[in-house]
Amino acid sequence: MSATATLPPAAMLLDSEEGSQYLEISMGPHHPSTHGVFRMNVVLDGETVIKLKPVFGYLHRNHEKIAENETYLGSMPYTDRLDYFCSLTNNWGYALAVEKLAGIEVPERAEYIRVITAELTRLQNHASLVGFLMQDMGASGTPLMYAFREREKILDLFEALTGARMMCNYMRFGGCRCDLPAGWLDWAKKVVASFPKFLDEFETLLVGNEIIMARTQGVGVLSRELAISAGITGPMLRASGVNYDLRKVDKYGIYDRFSFRVPLGDHGDVYDRYMMRLLEMRESLKILEQAMKDIPEGPFTDPKTKVRNFRPKPGEAYGRIEAPKGELGYYLISDGSPNPYRYRVRPPSLINLTVLEDMCLGRNVADVVITLGSVDIVLGEVDR
Amino acid sequence: MVGSGILKGLAETARNFVGSYASEERMTTVEYPEEKLPRIEASRNFPFLVFDGDDWHAGMRCVSCQICEKECPPKCIYIEKSTDKKPDAVGKLQNYPARFDIDISVCMSCQICVEVCPFDAIKMDNAFEYFATDRFGDLVLDKQKLSRSNEYYHQIHPTEAANVDAELAAARAKAAPKPAAPAAAAAAPAVAKPAAAPEVTASTANKPAANDPAKESNG
Amino acid sequence: MTLEALAALKLEIEKNVPGAIVEIITNPSVSAQHSLLIDNAHGLAVAMFLRDAPELKLDYCSNVTGIDWPSREMTEKTKVKKMVEGPDGPVEKLVDEVRKWTTPAYLEVVYHLYSMTLGTGPVILRLRTGDRGENVQVPSFYSVWRSCDLQEREVYDLYGVIFEGHPDLRRLLMWDEFTDWPMRRDYVDPDDYEYEPTAHDEVLTRAKAHYPAAAPAESGPAEDNA
């Protein structure tokens, strides 16, 4: 393979029109701030970014092609590995698309379990994202370690329920793989009850901090119009002031039963995007409390749906959910065989990177780092 | 006042620092490997084959139906059917795997083999302290290395194992009254053995098991 | 969107974009997400209309998908009444008639459109290329929705659809020197076989080609094990 043959030099000088020189640097793929193997070709005029081209594909494994050669069930564990921070929401998105395609009803208890696991996923994703963002700003470790301490409690819950901390492979078409184990709900209630205390601490630590405000406010501004046109979704879209949360718009699952608010930003800068995550965690806690109170007894999966030899009728369906990073969609085409004819993932992380250059132009390199940090990407999903 | 936010944050870190020595909820670090957390019952790592009784070969529940081989997403299981038969867990005469290999460097611990197995023959282990120096010798486990007793299964997943035992006992009670019939019934679905696949698997028979979880305590 | 609503939308498009040829593609599955096939010449105008029409406001292009439809042999058996020479003269009889045809080969691009302002959707647009060889051009919607930027590049990268009007049509996930289209149904993996102890199916066939003596060395080829 010739992938290594044309690796550019890490930095080179380009002649500008005015006779001075621009510096082109290659940030990544092994750069501590790129959250994985992601590369940006940045052209600098002094300290100022005048051009930024993201380079993708270092983690590309053609997830979609693999899924076209697998059974419908066989793709489920691969979806864990898209956004490996949020395997349960990935599972849900895929299960939702298949349920739309095949017309499967999900029992009520399973819907509640899905909401509980998805909101726990959102909590741990947002907590660690804020930690990572602080890490990018130079707060070496402290906020990140606090976030990871809490995240570990949620991952323990996932392990007790699904058997794995991160690669959960838990949801099935028409429900979940297994019921909640005895005592799980009380344990989860305890974790959720202790979470606001952590959030209070976290906010005392971060929100009033003058350095953070100076570094984030007015940086990486994304306008409302561009955000809509570029298909930005999730907290990043709402930070730009667009009220579009699929939990409210589509009301998939049973989200119409819970009362929660959608936090909205005003300026669309890094500060708003980071506050969006802190506020959304509070709302997730509200949903969790309601869901854990109301969860009914009953079957946890649709008994009519087969695990093996699952063949939906020919047709197509697009299902989407509000994953912690944005709209996660799955587009499936069935030709009646046990494998999907076409399987497509709409990755929120990748599409949110569309506007990376627009947000970084005119800023300096240190701002590029935190702007990228505030987008919240996971390379497993960007490159698929 | 400029700087008050930073001072507040520093007070918070100080509280956490002191708390990490004194407060129970902040003492989250465990000095592994001297100290270990209790294992969570549902946790899974790699599959193993369950056998009943003392003899791993005679008691092996697997009847080499090859469903797990077909359903395994990364295709890490390799099975060859036996030509002769032996009684399975319920007492019917069934094939057994002449060869059953799992390449655990390919396995992604997704548990789908466990879900699709109709004979409760393959289950997930939770031992994680593996090491290996030889990619093909140590990481491709043959059926002997994969075998674990039902007692071991009870030890790591007590709730699940009790359910499985109850189901198996019911199936045995159903099969017991007419011992002659099941043998004929079992013979019928046994399909012709597929053409022997070429030998592409490294022989691992003489190597000691990479890890013997029976010797380890759990927790 | 129901079929009736889609038919109304089709009329609306044909009224506002003169000359546009719109066809409703029905979806037989329970999801009932029917779609509109747009001709390439008027694709951009239709997209502009859908985005700007005040009662539609489809300002958000969520998902761009490429699909490969190679030519397939189709057979259909039908019972046809025919006069057959019997022992007592011609008799009417049901005879099996086998109809064979091949489906046209093309690449398809599917756009899922929503409205963030109105909270409606999805409206699904389809564009088709002429064939899978030379005529693989479709109009790019980059100028209508910025979200098509990376997604159209991805479709180009994996399927080889050329989006006319895309300002930066480069490979996205594969490296620049790569020449094939990996998501097409007839794509053949390069033969860079790696020794795999539990070979299956295609891998097994390839293993045979690389190790014709059926059994490779005790623990794999030396270069892999070194």
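Order of writing sets the chain letters: A, B and C. Residues in each chain are counted from 1.
We adopt the following convention: a contact is a pair of C-beta atoms (placed from the backbone, for glycine too) under 8 Å apart; a residue touches a chain by one contact, two chains touch by 3 or more.
Keep in mind the model is a prediction, meaning the values are calculated, not measured.
Among the chain pairings, A-C comes first (most C-beta pairs in contact).
Among the chains, the centre nearest to the mean of all shown protein C-alpha atoms is found for A. Greatest Cα centroid separation from subunit C: this falls to B. Subunit A and subunit C have CA centres that are 27 Å apart.
Subunit A and subunit B, compared by their mean Cα positions, are separated by 31 Å. The centroid of the Cα atoms in subunit B and the matching centroid in subunit C are 40 Å apart. Of all residues in subunit C, those touching subunit A in their complex are 27-31, 33, 59-63, 65, 67, 110, 112, 116, 119, 122, 124, 145-147, 149-151, 154, 158, 171-177, 182-183, 192.
Against subunit B, the residues of subunit C that register as touching in their complex are 195-201, 203-204, 207-208, 211, 214-216, 218-220, 225. Within the complex formed with subunit C, the subunit A residues making contact are 1-3, 5-6, 56-57, 60, 62, 64-65, 100-103, 226, 228-232, 242, 244, 249, 312-318, 320, 327, 329, 331, 333-334, 342, 344, 346, 350-351, 353-355, 383-384.
Subunit B meets subunit C in the complex at residues 69, 75-78, 101-103, 106, 134-137, 140, 197-203.
Within the complex, the subunit A residues that touch subunit B are 70-71, 73-78, 80, 142, 146, 149, 152, 156, 159-164, 167, 169, 177, 181-182, 194, 201, 204-211, 213, 307-308.
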